[in-house]
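Beneath this line is the structure, given in structure tokens, with notes to follow.
By letter and in written order, the chains are A, B and C; residue numbering begins at 1 in each of them.
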Amino acid sequence: MAFNAQYARVIDNDQVEQWPDCFADDCLYLVTTDENHRQGMQAGMIYADSRGMLQDRIAALREANVYESHRYRHLIGLPVVLKREAGLAEVETPFMVARINRNGTTELFATGRYLDEVVDSEADGLRLKQRIVVCDSQSIDTLLAIPL
Amino acid sequence: MAFNAQYARVIDNDQVEQWPDCFADDCLYLVTTDENHRQGMQAGMIYADSRGMLQDRIAALREANVYESHRYRHLIGLPVVLKREAGLAEVETPFMVARINRNGTTELFATGRYLDEVVDSEADGLRLKQRIVVCDSQSIDTLLAIPL
Amino acid sequence: MAFNAQYARVIDNDQVEQWPDCFADDCLYLVTTDENHRQGMQAGMIYADSRGMLQDRIAALREANVYESHRYRHLIGLPVVLKREAGLAEVETPFMVARINRNGTTELFATGRYLDEVVDSEADGLRLKQRIVVCDSQSIDTLLAIPL
């Protein structure tokens, strides 16, 4: 829970350059919908399979001034540990994300669950080996930019 | 908190046949409004006083294909323990529930609090002897179907 | 987390006379926006620097029957401890607040984060020496009345 609190904080407080540090070097970050996920599709609205790709993504968003136009507020729920092995855990965690637009309006932007594989390396603490963001709605804004 | 995480998960992930297992055989599940609750009314929008009644309810919802039309996402807050005795606790816990409609729209559907009596039986772990779902709004959709 | 659960409960359950007890005698309670906060402005939509001021505020709201017209539901997220010293901790915690209007409508009213200084006095348990409520949106309802 402390890990997820930190994850949400770097995104919502506009310190998103620290967001890739939540992941292992070799990782999978995928944003998809429940419908696609149930059909076993690996494609998603966002796909990255290394920490370097996550860093590139953030750099591109900064250049495009995406963070000027809106911001997010994550509320991350209680985790359910599905499996635990030596140094590795599979965890499912629900979330709600509000989007606060530059004009002041606030809306419930996305709901869903994280399907995680978390590794515990003694040197770096907890890291995400996998975070599949399964959105409940089929129609997540395709302009989706800031990480969920 | 782990119990509530599991409670929300079986509902939101469409494994609602497991939802009655969260309750003791002899139980009270009531969905009501804050106004009705303060007036001491026992009637509610949903009333069940045994685990069998909860199972019947789920079976009926399945037959009516209710789960095709929309889904929920629960975010359950931090519990306040009001009373603790041998093997029994009274707990109050806030919640928000979003409804994701088939057309893709997401709305904040219900907010409120759970008033629980939780029993700890060594054989089965935690079970709800009582869950009164007190909704904040007077006008919860009367088509209310999926459990809160 | 137990402290924040209790904080939200007294506000949302209309026991708001107990809300000032969450604060130290000598305290700062400030409701502001992210934009103002980043510019270092101390002014805010609500400002109080003693527990007595908080009590006065609640008394005024009661007289004006503010609690008749709407209510809140807080969902408080996971805290991030930023600093910990003897008897004092700096903590940041995200929140979402829904407003339930008398006509039954529910809306996502405010999102943001609490910037807290929490003191642990042996006699009274945890108390807020400072709670700065940093709202994400610039346009929080100026009729803002019930504490966030």
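Simple rule for what comes next: a contact is a pair of C-beta atoms (placed from the backbone, for glycine too) under 8 Å apart; a residue touches a chain by one contact, two chains touch by 3 or more.
Predicted, not measured: the structure shown is a model, and the values here were computed from it.
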Copies subunit B and subunit C touch via same or different residues, half shared test: different
When subunit A is superposed on subunit C by its C-alpha atoms, the rotation angle in degrees, nearest 5: 120
Mean-CA-position distance for subunit C and subunit B (Å): 28
Subunit B: positions in contact with at least two other chains: 75, 96, 108
Interfacial residue positions of subunit C with respect to subunit B in the complex: 1-2, 4-6, 8-9, 12-13, 71, 73-76, 96, 98, 100, 103-108
List of subunit C residues in touch with subunit A within their complex: 34, 75, 77-80, 92, 94-96, 108-113, 136-139
